[in-house]
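Presented below are the structures under discussion, each in the form of structure tokens.
Two complexes come next, and they have one chain in common, chain A, joined by chain B in the first and chain C in the second.
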Partner chain A sequence: MMFNSRNIIIGLIIFVGIFTFPFVLSAGKANEAPKLSLDTPVINELGTEECLLDTEYMRSNHMQLLADWKVEVVRNGNRVFVNDEGREFNMSLQNTCLECHSNKEEFCDACHTYAEVDPNCWDCHVAPEVVK
Partner chain B sequence: MNINRRKFLKVGGVLALGLSIAPVSGVLAGVKGKYMPNSKALTGKNWAMVIDMKKLDQDIDACITACHKEHNVPDIGNKKEEVKWAWTDKYGHLFHDNKHEYMNEEMEHKDFLALCNHCENPACVRVCPTQATFKSKDGIVMMDYHRCIGCRYCMAGCPYGARSFNFKDPRPFIEETNPAYPTRTKGVVEKCNFCVERLAKGLIPACAEASKNGGILFGDLEDPNSEVRKILDTQFTVQRRPSLGTKPKVFYIL
Partner chain C sequence: MGLNFSLLIVAALILAVFLGVEALGLSFLFGVIIPYLAIATFIIGFILKVVKWAKAPVPFRITTTSGQQKSLPWIKDNKIDNPATTSWTMVRMALEVLFFRSLFKNTKAELVDGKKLTYQWEKWLWLAGLVFHWSFLIVVVRHFRLFLEPVPAFVTLIGKIDGFFMVDLQNVYITGVLLLAAVTFLFIRRVLIPQVRYISLAADYFPLFVIMGIATTGILMKYFYRVDVVSIKELTVGLFSFNPVIPEGVSVLFYIHLFLVCTLISYIPFSKLMHMGGIFLSPTRNMPNNSRAERHINPWNYPVKVHTYAEYEDEFRDKMRAAGLPLDRESSEAEAAATKE
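On to the complex of A and B.
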């Protein structure tokens, strides 16, 4: 036996309705993944779309790489990164990463905005569009 | 297949162990590439500077401008919130241990160049609670702005006034941003870094480069043949407030 069953059941239906309506509304509609643009003058000139490490690694670990670079440059005075192929890079977000990826808005920001992360790199590091 | 309780636990245990170490392999494999110093870098064990005021006289402003342009130092235009890496001050402020009331007028009113002394025994490093400020292995008192929490203990600790706090976003106050060097942000302390980024490229500090008559000499204190040591060996030089025991490494010929 259930007391007030009518009210409870109506209440439950309304509750479930309110809490599931965002899911119901967007059911079947996949949010489009961000598209990163590699269309910059420097990358086009390179002829290859190869970063200093493979894309998969860079995509998931670039933040750790940058943090490690900061420690190496600032604390240990090592400014050159040698990748697995033996190519050398100056470890600098501003002078190396952004030299190729000069389109911060279509590259960095595209993913960061999608994932709603707000890294504070650009509070200090000068992104290309600041310089005009 | 017949599986008894004992076998099940054994296999299950091994699987669980495997699952728990699996992420570690990712971490171990995560260290990619190698790090090394730039081969063109100037190397020294203990960098120091000699400022020869007799030769520098005309170039002081050029030196300060060169430094501030290179490092995106803002011109706040307000003494209270001013940000500076190199600046000028009078004898009475810089060398007040040796000031007396019968001083030569010219000396008393002359502008002297001042900057971070990159002390051998830096008070700022001792008081920094986050180790944002530290002494590098080549004797430069450096800052890791990522770690600075803006507590300003270092400013209280530094007896030379060499540190400035960013009370506001410095970017609007930078006339022309050098795209090769970062700016700072609101809430961090900043100071001269002995142009560590230029040394890494094989260049001498910007101020030393801007002093055309050799008014600023830069070199390694540990190297007896360095320009700095030669001057220190042959001429009378003074430091700012040596009585404090901080052992400044910016020497003056007055």
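On to the complex of A and C.
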């Protein structure tokens, strides 16, 4: 037998409600991570689809790479990035990254919206024009 | 003893998940099965514990509170500390739950010159406790950006406010730092104050180490050893929508983080961390002190068979009279009534 069962039950219902609401909200929803589009004119012209570093590394660390580039370029005045294979690249978001990935909406924004991150790249940099 | 034991257990847990995922490839176990078991244990265990507590009767109001009880109209009563009505009791409870009012009254007792007992201002425990709990809450709410798709607006808003400060091109969540700092303070306090250390058990250190582990792995993933957030969100959204998947490229750091969280939540119903529910059942806080205005009868009182003095006298009147003992009545009520007629 419970004492004050009315209050206890109300409290437990609130508890269960709070801790199951993510399950309730997601019930029956499909789980689809964004698929990144590599369908841009420049990438299509490349023989092999490869970034300056390997894809898995780039997926997790692109923001760190960009932050490091910013320090190299702005503070040290060095604009040359040498990748693992010894190839040289111009350290530039607009002229290197976005040269290939000119589809900001299907590339950058797809994940950033999904993971709810709001990078401040475009506060200063010019976003590529959407090619229609 | 308790300290080393707890540290060892947490280290073993971390090692287990590291080996399990990296060497044995048990990512489905650590990424799907254990989280579901942990959530079920948490919710069911929590309910059973509260139901068990609710079976214990708490009939009596605690009258020794730190405020003047409501009595005569010209005596000013302390409505919050000694509430006489349910609504003022709710105010007292709300202040307790949200701002730890009892802990705010904490003082430090010390012997000066070996004989004078002094009580000193001590708010650091309250402050660290408050910072810790509120940071933890905000950190949990913020995590819903990785649990739900689409992300609710209030989660985004909290994340924006929390990430107001920017260091080296990225937002640093203040609550993450505060959480780790506060839990570290609470741990150091426990170890450095001899009296507190003396009463500390493994059950006190263990949750602190688990929470430190969770905060540390979280901070490592966010700022230092970057992980593929999109894969992780795919995993968590899969859990919450009951379509579990183990995507490629989820870092082992994430599995450690997740496993420690699972450890923490499944540990809650069996531990002191049940104060999360227990605070609402604090007898000294949740009952209005109206014992002068209302009569509260002990619920486990059973009908007691009594033998009154009048009945006793009726039973032994002749013997008492013979022995010369004083009698309340010279004859029983029934006899008296009969003689009158």
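Note that the second predicted complex is superposed on the first by the 109 of 132 C-alpha atoms of A that agree within 3 Å, B and C clash if a C-alpha of one lies under 4 Å from a C-alpha of the other, contacts with A are read in each partner's own complex, and residues count from 1 in each chain.
Assume a residue touches a chain if its C-beta (ideal position, glycine included) is under 8 Å from a C-beta of that chain, and two chains touch if they have at least 3 such contacts.
None of these values were measured; they are calculated from a predicted model.
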A:I10 touches, of chain B and chain C: first, second, both or neither? neither
Chain B versus chain C as contact partner of A:Q64, first or second or both or neither: both
A:H125 touches, of chain B and chain C: first, second, both or neither? first
Touched partner set for A:L46, first chain B, second chain C, both or neither: neither
Which superposed partner A:F19 touches (first chain B, second chain C, both, neither): second
Touching partner for A:C111 - first (chain B), second (chain C), both, neither: second
Touched partner set for A:N83, first chain B, second chain C, both or neither: first
Per-residue contact with chain A, leading partner among chain C and chain B: C
Which of chain B and chain C A:A30 touches, first, second, both or neither: second
Doubly contacted chain A residues - partners chain C and chain B: 61, 64, 70, 120
Residue numbers on chain C that touch chain A, as the complex places them: 39, 42-43, 46-47, 50-51, 54-58, 144-149, 151-152, 155-156, 159-160, 166, 168-170, 226-231, 233-234, 237-238, 240-243, 245, 247, 249, 251, 277, 280, 299
Chain A to chain B touching residues, read off their complex: 52-53, 57, 61, 64-65, 70, 72, 74-84, 90-91, 94-95, 120, 123-126, 128, 130-131
Partner chain C, residues of chain A touching it in the complex: 1-5, 8, 11-12, 15-16, 19-20, 22-23, 25-31, 33-34, 56, 59-61, 63-64, 66-67, 70, 111, 114-118, 120
Contact footprint of chain A on chain B as seen in their complex: 30, 32-39, 41, 72, 134, 136-138, 142, 144-146, 171, 177-186, 196, 200
